[in-house]
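Presented below is the structure to which this report refers.
Here the chain labels run A, B, C and D in written order, and each chain numbers its own residues starting at 1.
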Amino acid sequence: MNNTVLLISCPDTKGITASVANFIYQNNGNIEHADQHIDSQSDTFFMRIEWSLKDFKIEKDKIAESFKPLADRFKMRWALHFTDKVMRMAIFVSKYEHCLYDLLLRFKGGQLNCELPLIISNHSLAKETADSFGIRFVKFPIIKENKLQQEKREIALLKQEKIDLIVLARYTQILTKQFVEEFPEQIINIHHSFLPAFVGRQPYKQAYKKGVKIIGATSHYLIEKLDAGPIIEQDTIRISHRDSIDDLIRKGQDLEKAVLGRAVRWHLDRKILVYNNKTVIFD
Amino acid sequence: MNNTVLLISCPDTKGITASVANFIYQNNGNIEHADQHIDSQSDTFFMRIEWSLKDFKIEKDKIAESFKPLADRFKMRWALHFTDKVMRMAIFVSKYEHCLYDLLLRFKGGQLNCELPLIISNHSLAKETADSFGIRFVKFPIIKENKLQQEKREIALLKQEKIDLIVLARYTQILTKQFVEEFPEQIINIHHSFLPAFVGRQPYKQAYKKGVKIIGATSHYLIEKLDAGPIIEQDTIRISHRDSIDDLIRKGQDLEKAVLGRAVRWHLDRKILVYNNKTVIFD
Amino acid sequence: MNNTVLLISCPDTKGITASVANFIYQNNGNIEHADQHIDSQSDTFFMRIEWSLKDFKIEKDKIAESFKPLADRFKMRWALHFTDKVMRMAIFVSKYEHCLYDLLLRFKGGQLNCELPLIISNHSLAKETADSFGIRFVKFPIIKENKLQQEKREIALLKQEKIDLIVLARYTQILTKQFVEEFPEQIINIHHSFLPAFVGRQPYKQAYKKGVKIIGATSHYLIEKLDAGPIIEQDTIRISHRDSIDDLIRKGQDLEKAVLGRAVRWHLDRKILVYNNKTVIFD
Amino acid sequence: MNNTVLLISCPDTKGITASVANFIYQNNGNIEHADQHIDSQSDTFFMRIEWSLKDFKIEKDKIAESFKPLADRFKMRWALHFTDKVMRMAIFVSKYEHCLYDLLLRFKGGQLNCELPLIISNHSLAKETADSFGIRFVKFPIIKENKLQQEKREIALLKQEKIDLIVLARYTQILTKQFVEEFPEQIINIHHSFLPAFVGRQPYKQAYKKGVKIIGATSHYLIEKLDAGPIIEQDTIRISHRDSIDDLIRKGQDLEKAVLGRAVRWHLDRKILVYNNKTVIFD
């Protein structure tokens, strides 16, 4: 598969779809997927369009240049991706390994279109798992005093490894502003509650105490403010008074895996557009 | 709101999206919704595109004529609708009134974009409800011997009332071939099971006997073969060994209402395309 | 059906089940339902047990007296109910009638085991609906200045009508402390969000703004603190970026109806025990 | 934890609960869980009761003997289990490893209260996975001609390993009558459809062709008749016309894992009673 994916957002006006579709058609491209959305509150146009490069008249490295005048005309924010250029993903993990394992198995099973060269942890526990999948494991122990310094070393390693996507698979350290700003819309977190309910620590305990009848999990892009970034995916499961906190944890972990798996997959397939701290998912 | 909705299906090839979008753009139309789908198994292209008639250069009654050459070029099956021309819906009901009531309330609440001039039944029970909503009620008692004759009278009445959509809201009579063929893709039924499981009579009893842990409801277009038409919408709900058949009926009725309500709404908003005895839902 | 329902909560210890079951058996009662739960965090025992009064040796009005020594021995909080003595329910409503209608139809369909003598509103809108179901409608217009006075009149009417359960079916006035304290665990509210997310006004608008991927509804007993009472039931439904606030409202209303309907039914069937601002549901 | 679990089914009559609870109480047992159910169609009583052996007056190996007269009096089918005596589970797998992996991780994470000494396959693929978890792997290649013979060898090995529970984790061979009868209510299968829909081969392909809007997975006890045994657990997930067969497989596999995981857990915790080819789940 050798396709181009174009992601667009711009003020809505007449002629955007026609102009983009013409650009592709006149250069002999075959559209394989196209999806658009108009946010009527803000009059914003969003589009994801994917076409085959087979017989496309413009060379790959000239497409951006050719498309730019059209993009400028409509004041687009846009990004051009090629499906044969997969992202490089790093996974951060602490002590709970269920999300790590789930991502590794989805990766191994071909569900995640990426390279996976690196697992980072503040603990040693996940090393064995990383080893068994043949993936490099680097430990950065973190205490209050060394946090900024360790983060700098992590950033350097991530840059060196050309990492495009960082997945926090139940990573318990709160990343600082310096780290988050280095990777805008490139860090996906899983929070084990139905956000915005139960922000912060021990959401299952909070849920148990509150007596909710349904629990959830939320995957979102990390921003500096805790558990407040654009939500990518959520899911919920029914609980009852019979469920202990341990039952909530067990049921919730299945949700976490499913929700994070879908979010990562959509990101890797370039199916997400962020605006207004929200997401458009072209699934 | 004064929009045009164009529904298209045709063999997939290059240039369809560009040509359709150009047709609208060059005539000064503003696209409000566009959704397309390519079925890669059959290489079929599907599209629903909706644009505003405000400032559109072609007069309403000339649009079809103007579009025809383009449609012919791509061998399209196509239909053109105008949102200010709402459908006329008739509801068929027997003894259970929950779906009838639900549709009436959705209609009254503005959720269903249609006229609702007629309720038909083989019993008298629903007359009071029809009266309280000020809708004409006509009873056609049906026994084996008069069925074909009564159906002919029903068809005549439906034609006379210019009915576009017939909703079987738990109507217990099986319609004959002559009736079904008179209204292709214009009859929506609700079946109280998760089809293809539990076809036919007493699906809740069948489900209870089988010991399933989840029950469902299915809305589909009627075809001659029983409970086998293109599925529009389904939903499920969890049950347990504690639930009696009466509990299944009670829980299931809530499903039936929700599922039928969504199916009817999508049909009225021209969001459904049928192919291969399946549906594409542009929701 | 002429059954006794006994609801118990007490400190957990040996012999409770045996003692209660013996009490029933030795007096020739036939247990039809029994469910118990032990909260291991607080070592509290909960039980709902229902037995037939047919051939029961103790007369109905002597059962409480006979049971009291046993209850005292185990330091029980307990309540004795008879299924032939149904509750009297009043519905409060403001402008949105979907929950009112849903309750009326469930009542009419025999799903709600109660009398329904009274509908109260701060507006006139629902009068027609109340009339069409033959139920007394009383309007208490409320402004800041007359609120306490009007509530007093409402309380007097509710007492006079011997109301056991008040259902706030999208009633928009916040009830004051004086009102709430008059009916402890006797007022059921429906809040149109997945509590504790989106407390207070316009939860659908809050949800839309936040960009959540799932919305919910919550039914709870009213306490003085806003939207903070013991949760009885919740449910959720998936939404997407395509859904406008109006779509959220439409989808959410279906949830509200289902969730409130289940909560009211459980309450009427004496299936709910409240403790620690949470609920045990013996469904 | 050192508890006794007693599972009972018998004709419903007065005094069962009292008698069982008395038996435990008079011997100084502390009931930790008790759940009962009366099937009103067949007038059958079901009970699961679990009590602590701490300070229980009857020695463990005498409990059955002591309980027998009571059981006989009520014509019970009954079974007595001890939570410190965990089952020994064997997993059968063919080429798809997702369910195997999921069970191994739940086992490793302490969710499955059992020993897991054996993995059997008709292929070699899963050997590496078995090895990495340190579990014995035995391959029994099966062709039409050697099936009965190989099954006999499998049965011998399973007996020798004292296996209590066989889990078919996407095992593609159909087991013969001789095998199934050797392990009544001891073989749990996962079928990748919402049974009774899509029995037999390639259910995802069948679902795709039918155009259903929701797919499911079903875990059940194996009986001789294909995909017809008592259903233990089911779950469903929404799909759309956009989903290819591969998408159905991917989404469905997540369901399969969750459904099989719950079924196996309930079985190991002695929470399932089978009757009339259905199950009572005391969750």
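Everything below uses one rule, namely that a residue touches a chain if its C-beta (ideal position, glycine included) is under 8 Å from a C-beta of that chain, and two chains touch if they have at least 3 such contacts.
Quick caveat, the model's predicted, so the values are computed rather than measured.
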Check your understanding: What are the chains that chain A and chain B both touch?
Key -> C, D
Exercise for review: Return the chain pair with more inter-chain C-beta contacts, choosing between C-D and A-C.
Suggested key: A-C
Review point. CA centre of chain C versus CA centre of chain D: separation in Å?
Key: 37
**Study point:** Rounded Å distance between chain A and chain C, as computed from the means of their C-alpha atoms
**Key:** 42
Point to revise | For chain B, residues that touch 2 or more chains besides their own | key: 242
Practice item. For this assembly, give the contact graph shape among line, ring, star, complete and other. Key: complete
Check your understanding: In the complex formed with chain B, which residues of chain C make contact?
Key -> 98, 101, 105, 109, 111, 132, 242, 250, 254, 258, 261, 283
**Study point:** Residues of chain D touching chain C in the complex
**Key:** 14-15, 17-19, 21-22, 24-26, 28-36, 38, 238
Review point. What residues of chain A sit close enough to touch chain C in their complex?
Key: 37, 39-41, 194-198, 210-214, 216, 230-236, 240-242, 244, 276-281
